[in-house]
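Have a look at the structure below before the remarks.
Order of writing sets the labels: A, B, C, D, E and F. Residues in every chain begin at 1.
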Amino acid sequence: MPRVHLTRRVHFSAAHRLHHPDWSDERNREVFGDCSNPNWHGHNYELDVTVEGELDPETGYVLDLKALKQVVEDLVIQDVDHRNLNLDVDWLDGTNPTTENLVVAIWERIRPALPPDIQLKRLVLWETPRNRVEYEGR
Amino acid sequence: MPRVHLTRRVHFSAAHRLHHPDWSDERNREVFGDCSNPNWHGHNYELDVTVEGELDPETGYVLDLKALKQVVEDLVIQDVDHRNLNLDVDWLDGTNPTTENLVVAIWERIRPALPPDIQLKRLVLWETPRNRVEYEGR
Amino acid sequence: MPRVHLTRRVHFSAAHRLHHPDWSDERNREVFGDCSNPNWHGHNYELDVTVEGELDPETGYVLDLKALKQVVEDLVIQDVDHRNLNLDVDWLDGTNPTTENLVVAIWERIRPALPPDIQLKRLVLWETPRNRVEYEGR
Amino acid sequence: MPRVHLTRRVHFSAAHRLHHPDWSDERNREVFGDCSNPNWHGHNYELDVTVEGELDPETGYVLDLKALKQVVEDLVIQDVDHRNLNLDVDWLDGTNPTTENLVVAIWERIRPALPPDIQLKRLVLWETPRNRVEYEGR
Amino acid sequence: MPRVHLTRRVHFSAAHRLHHPDWSDERNREVFGDCSNPNWHGHNYELDVTVEGELDPETGYVLDLKALKQVVEDLVIQDVDHRNLNLDVDWLDGTNPTTENLVVAIWERIRPALPPDIQLKRLVLWETPRNRVEYEGR
Amino acid sequence: MPRVHLTRRVHFSAAHRLHHPDWSDERNREVFGDCSNPNWHGHNYELDVTVEGELDPETGYVLDLKALKQVVEDLVIQDVDHRNLNLDVDWLDGTNPTTENLVVAIWERIRPALPPDIQLKRLVLWETPRNRVEYEGR
């Protein structure tokens, strides 16, 4: 059977700051610029979750989109939407919430929750409409 | 010579329903939800057709975009635009028109119609701005 | 207090055909073209609902967006999403579902359901990303 | 001479929370929901600034877009971009940063800074791609 | 009958430069900056054409969108698409092709070509996704 | 450490024409159609620059986006924005500025300017919202 990629786009709004706890304020400001503002800033994030699997000849689905949406909603969106990524999310504890670190952490959340015949293929995470990261696992 | 990917985005509007003919209405409703509505529903589909080939040093083209557009128009768009995907399209006959089945069927239509030195690289088909499938062949 | 416009964008996917019941098939085809296909076609519609009201100095809201979203969801979206606009929607019964007729019918649904100090200002309804109608009431 | 509207779209990313200082946490949570999260959340805002004026027959401009961009940059963007709207912006001091209050405050910043023959016509402020407010002054 | 606005979005790609023939090169550069480059530059323009009229109870149309599209195609797009706005368009002869001058000239082309019961309501012309002008006639 | 892709989207507006200097005007017109207009036409180009590298555990960055933006700005945008691609850009001298040739030339500009541990992964160049090319190097 053909293998097809299926993508669901979701979004969330969150506050964050970029900050290395062992560095001085000056060093943080030098490396992270305005992104290190101690009073936070925030973004509307968009996340594309792409899975790959064999087309099921009976349903014509790779995976029921509602099931994919539910996994992402339960394991990611309800934890990060309208939250502070530095303070409110236990699975980001101790992580500097750059877009790169964030996409890797989301990968680790979603991958184990998918059915065994479904492969997590790619995550794309937009911080703004002009900046994004993409991760395909190790 | 460099190999470059060339993509043309096209769109069509169509009605469909998801439905397995051997299943009861209850089973269809259970698996496909609102998508199994017997009176149909519909979408504005967007389709990205990506081909790969060697850059022709004389024209600076991989393939004339007008030629690519014409193939997709003749073999796909004129058959599906403002049509019912379950009833009106002979090359979808007997196919449950999920986005996955649809993208594979479109691949089979376009691939043989391309010039021999041009490879059909990837199709991306959006059913809504948040849901899409991607196919790169078998 | 300042008067501000507040807009919520919602979407729905539906099937329809354009058809005048007193006309011959030929006349329908002549006037409505492919839009009169007897087996239906469909669209992803986007709807912008704009209300106007005084800024409430206590909440800083014109209207709670969740309340606006709920009205549109209950009175419009749950009736039309994944439905056939000619067959499945009682408040469109006997209406030829052109975008113009549709936007006026949606206006008549939403306007009486808003709080008395909130004015329905404008509806914009996209049938495709390139075609839309706008209605501001009589 | 014809009067033409000229619009420049700008963006900024900021953190905020909705919060009434005289209310209990419970009351704030009840009215503002997740938007009252004490640890903040944030957005990518888009702002359309529309001015109206007479077409200058010599330049063919209503207003030099670079001049309009500069006013908005100097009086709004540099104060709010990568900032916390509750804590970092003196001209929002004491304001609950709902989108409605924000658009009115931005209006009061920009209007006096425009040349006398140029009218501030309309501000549209998107908090997310689906939620926006519009203000045309009192 | 209700009065409804109907909008068709079209696009064209063109070269231009901003230039006042009576000014020195220095003065042109000073006022128009990079836009005065003697070797031209260009844009993908998007144009929203909005007409207003009474809803026809028989067709459910304000105006057949195909007819509106044809007027804009014949009178505007075929003259400006893949053309130089300073050199190739007789109805722009002697006009400095700022977006403001362009939108007024397009208005004068389209308005007389519409049926007598149809009012040209508004033109919106994007030069880039962030810059646009809007014109509603004198 | 995980390897992550980082993408920055930039834009520029330029004039060009497609033209083979050894061909007659008739041959140029036959192959390139309206794109060969001797008086030029133009586009708003969008360019996605994607680099790949190891996530730096100290900063949480693959590469500072500001550094990536600066490379693209200095080596590409300042040379092509508001310019004529056939006449004004020395590193395009003698190149027929098809989108394919353009994306390869931009690749050759950016690749040597990146840090040694950063790989230029992919360029995507949009000539219009519906036409684009993609290049991943030889």
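Note that in this section contacts are C-beta pairs under 8 Å (C-beta built on N, C-alpha and C of every residue); 3 or more make two chains touch, one makes a residue touch a chain.
Quantities reported herein were computed from a predicted structural model and do not represent experimental measurements.
Colleague: In this assembly, which chains make contact with subunit B and also with subunit F?
Modeller: Touching subunit B and subunit F alike, sorted by label: A.
Colleague: State the pair with the higher C-beta contact count; candidates are A-D and C-D.
Modeller: A-D
Colleague: What rotation angle, rounded to the nearest 5 degrees, superposes the C-alpha atoms of subunit E onto those of its identical copy subunit F?
Modeller: 180
Colleague: Going by residue numbers, if over half of the contact pairs line up, that's a repeat, so tell me which of A-D, E-F or B-F repeats C-E.
Modeller: Most of the C-E contacts reappear at B-F.
Colleague: Mind checking the centre-to-centre distance between subunit B and subunit E? Centres are C-alpha means, answer in whole Å.
Modeller: Computed value for the inter-centroid distance: 34 Å.
Colleague: Distance-wise, how many Å sit between the C-alpha centres of subunit A and subunit E, to the nearest whole number?
Modeller: Roughly 42 Å separates the two chain centres.
Colleague: Specify, in ascending order, the residues of subunit D that touch 2 or more different other chains.
Modeller: Within subunit D, residues 129 contact more than one other chain.
Colleague: Throw together a list of every chain pair that touches.
Modeller: Taking the chains two at a time, the touching pairs are A-B, A-D, A-F, B-C, B-F, C-D, C-E, D-E, E-F.
Colleague: Would you mind writing out the residues of subunit A in touch with subunit F in their complex?
Modeller: Result: residues 18, 20, 31, 33, 95-101, 103-104, 129-135, 137-138 of subunit A touch subunit F.
Colleague: Which residues, counting only subunit D, touch subunit E once they are in their complex?
Modeller: Interface residues on the subunit D side: 2-10, 50, 55, 58-62, 64-66.
Colleague: Quick check on the complex: what are the subunit E residues that touch subunit F?
Modeller: Where subunit E meets subunit F, its residues are 11, 13-16, 34-35, 37, 39-44, 81-84, 87-88, 128-129.
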